[in-house]
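Next up, some structures in structure tokens.
Two complexes are shown next, each including chain A; its partner changes from chain B in the first to chain C in the second.
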Partner chain A sequence: MLDKFLWVGFPYIALALAVVVSILRFTWKPFSYSSLSSQFLENKQLFWGSGLWHWGILWVLTGHLVAFLIPRQILAWNSAPFRLYLLETSGLIMALLALVGVVALMVRRGSSSRVKAVTSTMDWVLLCLLLLQVTTGIDTALRYRWGSSWYASNAVPYLWSLLLLSPRPELIQPLPWLPKIHILSGFSLILIIPFTRLVHFLVVPISYYWRKPQVVIWNRKGLR
Partner chain B sequence: MNPKLIFGPIPRAARREVPCSVISKPARWPDLMLVPALLAAGSIGQAQDAEAQFRKTCMSCHTIGAGKKVGPDLKDLGKRRPHEWSAKFIIGPIAMIDGGDPTATALLRENNGVKMPELGVTAPEAQALLKLIDDYSAQGKTLGTAAISRPATPEDIRRGRLYFTGDLRFKSGAPACMSCHRAQGVGGWGGGWLGPDLTGATAKYGAGLSGVIENPSFPTMQGVFIKTPASAEEAFQVAAYLKSVGSQPPAKRDVAFPVLGVVGLIGGMVLGGHLGRKRLKGVRKNLKPRA
Partner chain C sequence: MDIRSQIAMVFHLDKCIGCHTCSIACKNVWTDRKGADYMWWNNVETKPGTGYPTKWEDQNEYKGGWIIKNGKLELRLTSKGKFLQKIFYQPDLPTMDEYYEPWTYRYEDLFTAPETDDQPTAIPISKVTGEYIDIEAGPNWDDDLGGSALYARNDPNLEAMTEEQRLQLLSIETLVMFYLPRICNHCANPACVAACPSGAIYKRGEDGIVLVNQNVCRGWRYCVSACPYKKVFYNWSTGKSEKCLLCYPRVETGQAPACFHSCVGRIRYMGVLLYDADKIQEAGVRPDEELVTAHREMLMDPFDPAVIEAAKKNGVTEQIIKAAQNSPVYKFVKEWGLALAPHPEFRTFPSLFYVPALGPVTYSVENGVALNPTSADEIFAPLDQARLPMSYLASLFGAGQEAPVRYAMKKMMAIRTWKRAVTVGDVDMQVALDGLREADCTTEQAEAIYRLTSLCNYEDRFVIPPSHREQAVEVLTNPLEKKGAAGFGFREQPVRGA
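Moving on to the complex of A and B:
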């Protein structure tokens, strides 16, 4: 019963809430769709925290997404041990960068009084979940190698089975608890997307890459 | 020492639930017309369930009509032994062997001392399996592939290692063994750690190893290999490789992977710091004169 809830019920609840509440929030509070940047309040620590976190997690997330979309090709890539080691090592390095990044973000949010003043409880919930997600992911990669292969062969069919409304929890049930916690915290993160500033990844301003550059002037000399 | 097959209990497959709405109200004429169709559909469903059960629990060691594996070919089992005895043996083989049942003891002798393991099969499941065996025997159909009886050659061992590492891919597209398992002789940073070290697998599974690879009855593997099984030849060659390293100690955990990860982390931070030094000045410096 618990297994059914964890691997079938909870993922659907998380996905449904994420979709519905995200739409409602976008409809009712469109201006709240933001990372609520605190760069103006503190910038030095943010460079290390935000920079390392985003570079690391984007690589790792892309890896998860690519394997989700083309698992057979990932297995084919991994069929040469050198390529498998290359993929695993690059993933581990980027995950470690993300770990340092999220820890730096937590230290910053706890130590800077200006940032503390704009920090909510949900910010801490989000950061703690992100830390749990990255830590369990790295630990899984080290303890139960080679995750890129068995993620493609075991976890990806499970994720597809959820999307196709024909859940196959039996693919996840026999796995050790560590990757299971990783999967559960992943669904928890999906669940809290619309309730936190994580919602900003749904409205990434990618047009910045092709729009004309702008100079933002913070202070004009002699104006005061 | 006689090799013994030791499996853990296998979780029960998800059962097909038969809707009972049809019988929860008084039957009318159109409802009654549905009964034969429902019965037929139910019997097809049961046959499919029994076949899935056979693949899961029996096919590592037995076939129906395809020849001997670790255990005997089960074709015409119903003609050789009464169903009551067979069902009892399927449900609790160890108890019958240890209890000195004469037929079970004779079977143990005939099959090189390989004991049939406890498979967690219930009485209704055993009956369904026996019906499946009867039906296949009567129709002349086969299920499973016979064991390869020729001795393994050095080429088999070489190819088995390549299947293990993934350099040779299984025809079904199944992942390489080293995704989850390790064994001596893999090389590089070794194999995976999700599953056990297979260096000593031959000592554990004996002659049954090939069948276990071909039809693994482990929950973690079943979800994957039920759709993409290794062929009998591939399984035989992987088993030959594992047998060739069987006398060596278990593989050690390689530390190069985490060490390289930490080195990469430090390199990444140094690079990030270097690239980010002029992050606020670089763009503005060029744009301000133009503004």
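Moving on to the complex of A and C:
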């Protein structure tokens, strides 16, 4: 019963809440969507924290996404030891960068009195969850080799089964507790997206690439 | 021709007394809030000085404004291809320390302190952290050249001057200063708009006021860095950018903005300019020495039938065209050539222009008696000997070119001399008239400049056309929809629940 909740119920609740509440928040409280940057108040520690965190986690997430989309190719890639080592090492390095980054961000948030002034409880919840997510991820990668392979062979089918609405929790149940925590905290992070500053990544300004440099808005209907 | 109407401004620096009333009026209306407490949408700087935020004019540091790259305008801050690189950390963003940390005092200590032999004091506390703060700087810390060894000496405009001029400018016997009130320039080619990743900043088509849509802004802060005048501010509490909105609720109802209305020296003018938006790009890539001319060429003659026709095609109303024809700004900038945009080399084409300040009237003293001047040269020191070197003003208002500054200064001096010949009579009339001719000014023009400078009433200074928001609103919504909802204290229709 608990397994069913953890590997079927909870992921669906998390995803559903993330989607619905994010849309509601965007519609009703668009003003609350912001990066909530505190660089203006403190920028020396942020340079290391934000830079390492974002670049590291972006590559790690990209890795997760690519393996999610093309698991077979990843397994094929990993069939040659050199390529496997290359993938695992680069992934580990990026994850370590993210780890250093998130720790630096936590130290900064706890030490700078100016940043403390703009820190909410949810900021700390988020940072702690991120730390948990990254450490369990790194720990899993170090302990249960090779993570990239069994992620593609076991976890990805499970994720697809969720997405295709025919959940197969039995794929997860035999895993050790460490990757299990990693998966659970991952869904927890998805769950808290709309309740934290994480919404900023939903509004990454990619439209800048194709918009005209100047924006002129006329009162006349439809003119922009 | 793409003729648009722009609410534009002239600040007559020769009349500014540096009282900061404008700043206070603005602060009380708009920025007296948490997160906005450090913002001065309107501030008055003493020049020479480093300004607010410190050294805002130094674009090597802040990367504001536009540069020409491969014959095209590009933001100095970033290009389209590279802009995401700066999204996690903005190396060019000024921090609060470049402005100042806002503070208040713990006044309740005055009442709650235990009885001692000493007077209780209210200690300063930061408005950000609430903790004790050792105040090291504030806005206008360098007011009236205070601390000029630190501030005036580091004015970025001094780079345009020779070492000798710099020494002269900063030595105590020959110190010189003037005031530079600054608000958002509501530029024709705004860098903040172009830099905003979210597309939250926009220029209003009808009057050219530049605004930040608070619901779309995501706090990426590119605008703060890209504005070369540092007139977009980051609200550290809400996580959104804010800027001067030219008191648009006042302008829309025909009133002057708070800073304009409250100006004690009546230095501020507001009027409509009709400009050709098609010319912006082409004017923007002209070399520095042609920028002042290029900017003026963008501003079109509101009496030209072709311009009027093109304006009407763009929805510019009859009343706005009429206001453009009466615009004090058009006269100061284009007809008379007296007003100049700040730092045209930033290539944003500001809609705010400054009439440079004259040097003091000189007297000679003999046996303790002040002697009236007898010639034009004696009223004002000749420009080449002016205490404030022309190269300084050229750096501030001429993209390094002295010619447009000299033209304006010469004309104003000739008018003052001529008017003195008329009213006081101690200057030879022929000399005064020759001076006017040399300064490219007729007596009619001199009289008009004199009147708009010295005898201007509210209606002369502020020629603000009605913007007919009531009609504009009708295009978007039916005003009668709101009729049944009035007076309930909320903005929903009072509909019976299910």
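Methods note: the second predicted complex is superposed on the first by the 206 of 224 C-alpha atoms of A that agree within 3 Å, B and C clash if a C-alpha of one lies under 4 Å from a C-alpha of the other, contacts with A are read in each partner's own complex, and residues count from 1 in each chain.
Please note the rule applied: a contact is a pair of C-beta atoms (placed from the backbone, for glycine too) under 8 Å apart; a residue touches a chain by one contact, two chains touch by 3 or more.
Source: prediction; values computed, not measured.
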item: First (chain B), second (chain C), both or neither touched by A:219; value: second
item: Partner chain(s) touched by A:208 [first = chain B, second = chain C, both, neither]; value: second
item: Contacts of A:31 with chain B and chain C, given as first, second, both or neither; value: second
item: Touching partner for A:146 - first (chain B), second (chain C), both, neither; value: first
item: Which of chain B and chain C A:170 touches, first, second, both or neither; value: first
item: Partner chain in contact with A:47 - chain B first, chain C second, else both or neither; value: both
item: Contacts of A:85 with chain B and chain C, given as first, second, both or neither; value: first
item: Partner chain(s) touched by A:55 [first = chain B, second = chain C, both, neither]; value: both
item: First (chain B), second (chain C), both or neither touched by A:100; value: first
item: Shared chain A surface residues [contacts with chain B and with chain C]; value: 47, 51, 55, 213, 215
item: Chain B partner contacts - residues on chain A that touch it in the complex; value: 47-48, 51-52, 55, 72, 75-76, 78-82, 84-85, 88-90, 92-94, 96-97, 100, 142-147, 149-150, 152-154, 157, 168, 170-171, 173-176, 213, 215
item: Parts of chain A lying in touch with chain C, wherever the complex brings them together; value: 30-31, 33-43, 46-47, 50-51, 53-55, 113-114, 116-118, 200, 203-205, 207-209, 211, 213-221, 223
item: Residues of chain C touching chain A in the complex; value: 80, 83, 87-90, 93, 95-96, 128-131, 189-190, 193-194, 196-199, 201-206, 214-221, 234, 236-240, 315, 469, 472, 475-476
item: In the complex, chain B residues that touch chain A; value: 11, 14, 165-167, 169, 173-176, 178-180, 186-189, 191-194, 218-220, 222-224, 257-258, 260-262, 264-265, 267-269, 272, 276, 279, 283-284, 287-288, 291
